[in-house]
Amino acid sequence: MSKPAPLTKSRYFPAILGLGSFAAFVLVVEFLVYADVLNRFIVPPPSEVLAAFPRVIMQEHVLSRFVLTASEALAASVLVTIFGIAGGVLLYQFNLLRLATETWVAAVAAAPLVLMYPLYLVIFGRNATTIVMMGFTAGLAPIILKTLEGLVGTRRVLINVGKSFNLTRSQQFWKILFPAALPTIFVGMRLGLIFALINIVGVEYLINFGGLGQLINELAERFDLAGTYAAICFVILVSIIVFMLTERLERWLRPAG
Amino acid sequence: MAVVAMPTGRDSVPAARAAEPILTVDGIVKRFETPDGVLTAVDDVSLSVLPGEFFSVIGPSGCGKSTLFNIIGGLLDGYDGSVRVAGELVHGPHPSIGMIFQEESTFPWRSVIDNIAFPLEIAGLPKTERYDRARHFVALVGLDGFERRFPAELSGGMRQRVSMARTLAAQPKIMLMDEPFAALDEQTRLLLGDKVLQIQQELKQTTLLITHNITEAVQLSDRIMVMTYRPGKVKRIVDIDLPRPRTSEIVSSEAFGRYVAQIWNDLREEATRGMHDDESRKRRGAPS
Amino acid sequence: MAETGRLTAPAAYAPSWMREHPVTALRIAIIITVLTGWELLARSGWLYRDVVPSLLSIGRALYETLSDPTFYLHLTTTFYEIGLAMVIGGLSGLAVGILIGGSKLMQHAYEPFLYYLGPCPKIIFFPVMIMWFGVGPGSKIAMGAISCFFPVALNVAGGMREIDKVLIRVGRSFRANTWQMVTKIYMPAMRHPIINGMRLGLGVCLIGTLLAETKLSNRGIGFLVIQSYTLFNMPQMYSLLIVLFVIAIGANALIGRLGGLDTIRRT
């Protein structure tokens, strides 16, 4: 290419356009607030929200809240992974059980389970157990279904290879089925983690207990407008980072092919 | 606007056929920008089709046939040269030109009759009129009794007949077909060729067929234009002087064989060039 | 349940219908086991009183709830909120999805926003929605609409890219105008992603709206649930949750059935 490629042809143009329009949007909001078109008691100027970030982070113990939320999510994920994979394997091993209950599990996966949080409050009390159990409940069905999908989707020929080597039932499972299903199981684990995280932050906010979710609730109840917006932005940032990281992890763990 | 008879500049057109052409394509050049530089897909292609004529364009893969198809149909822009229908310069899709595509192109969510009525619906015809007209074309392609069926319930050959009826229902002056039988097996292809011949006979439908199949081209055409491999140029225009009405039985005649051999002679050179080109590109590791 | 291993080959002494319909038999067995276990737990008094109420009291509460006219008032409120949220969120999701899916540039520039905002917990926007739309149904509708917007937009954008390109060329060759292209080609070609997006959207819309109701409201099913919590009326809470799940699963199945009404699936 003799002449420089125009900006619109650049590989980065779409990303620049996307971030640029976001920045423009923020600037327009800022302007509209100062022009009194937007009520600053409903929409604080973005510059104030930005300024509130350090204050919220320093004064509201964001780090310890983050650790709390993260450990709740971790606990829920571990539970979800153990019980979810076990459940999927169980349904795969007993075909009759699968035929009888697979539609039920799918229905549960589609049901608004998080609405049971008042029930969990009664059972477990207003503490971290309720939050972890809620995350566990929300993440369980998807990973059962994904594990089952992975096992069922194992290519017939791989199973026949196993049979041709006279593998025992347990060898057949550990050497053939499980490794073949692993990529799909990872997808399920990631789904389970995300479901758990969404519900954990949500329930923290709803029952005003624990980590990042509660932070939003407290700031909103104090009518700290800029702080509330800043906290929401922070939570969004955290969930995006977690989402991206798990995506990377999944790609890294997935065996080639 | 005065109709200017475009001299084709090729003496293969017999004087007896010197009627006013209905479709004139003149000096088409189309270049694409690719990562490897500029690729000339079609290079100075001119042709003219007479009313009621069956004209075929044949060439090896990569000769720019489909590019030519899209240019004449008005789906592709940015070329040099001109496309005229009855002397009128054409830009973009034109009601006089009906296109039949190589790929499966029936709407899976519409029944046979609704597929065929589609262009009439787009044109804003009242409901009863468009169904009356669509029914006529259902019968023409021999799909009576299948009006309420959906494409998924039909065979590939039947679906391609639906596409054909849909294009004919718009009553175009010129039917433009891009390898319409490419996805079908050989027997279905021959039988469908019969159907096309019969329809063309009945409607006196001017047709421009784009194909890489020699038998198909000779079976159907009055004239065949052979194109060269990359850049796509006009290599020769061959008159097919076989009696009409024809059927697929003609495939076994001696004259038919001679035409096939003659065109294969022209094509072999081009196809070989294309194959070598493809192989050397694969050797360099570039995707074909 | 303990003998699942044996259930794959029904015992010889089982009645013939059980051998012919082992799946149904197992389902009935599971249901009976769960219900019996529940009832035993309820009567044993091992757990705090009323956390596991007896089946009879749940049944009675369900009957009372369903025969109470004020319940239907709350149900109407919730339905109204969800309905409006689905219309607003669904239509804007459809429009945004078509715009973003329609061009490579738009896709690369804006789809990452949707993709990464999609899985964020939406309920945290509720305090802001209260400030914008008040404590009434407005803020609940907004919550539902935000929740429903993302799955619809993402599914439609994906669907746009998967439309068979030749169908678009057919439309253009017959000189369809933009409106005709959208209504006669894009929309029907995307019927499956649209329906799937609506189904996912309805699920999260329900959650968004009802959670908002449990947080701050004086009307709707969500309000009734949290009221039964504050009054410690466990049977009523169970009955409300049962009603909610039946509605959610029913609506989900209904939309799924809508997608099944399509002849292409007969291939």
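The letters A, B and C name the chains in turn, as written, and every chain counts its residues from 1.
Assume a residue touches a chain if its C-beta (ideal position, glycine included) is under 8 Å from a C-beta of that chain, and two chains touch if they have at least 3 such contacts.
Quantities reported herein were computed from a predicted structural model and do not represent experimental measurements.
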- request: Tell me, please, which two chains come out on top when C-beta pairs in contact are counted per chain pair.
  value: A-C
Query: Farthest from chain B in C-alpha centre terms, which chain would that be?
result: A
Message: What's the distance between the Cα centroids of chain A and chain C, rounded to whole Å?
response: 18
- request: Could you put a whole-Å number on the gap between the CA centroids of chain A and chain B?
  value: 53
Inter-chain centre distance, chain B versus chain C - centres from mean C-alpha coordinates, in Å: 50
- line: Note: in the complex, chain C contacts chain B through residues 164, 166-167, 169-176, 180, 184-185, 188-189, 191, 262-267
Query: Which residues, counting only chain C, touch chain A once they are in their complex?
result: 4-5, 7-8, 22-23, 26-27, 30, 47, 51, 104-105, 107-110, 112-113, 116-117, 119-121, 123-128, 130-132, 203, 206-207, 210-211, 214-215, 222, 225-226, 228-229, 232, 234, 237-238, 241, 244-245, 248-249, 252
- request: Would you mind writing out the residues of chain B in touch with chain C in their complex?
  value: 73-75, 92-93, 95, 97-99, 101, 103-105, 107-110, 118-119, 121-123, 150-153, 170
Statement: Touching chain C in the complex, chain A uses residues 13-15, 17-18, 21-22, 42, 94-97, 99-101, 107, 110-112, 114-119, 121-123, 194, 197-199, 201-202, 205-206, 213, 216-217, 220, 225, 228-229, 232, 235-236, 239-240, 243-244
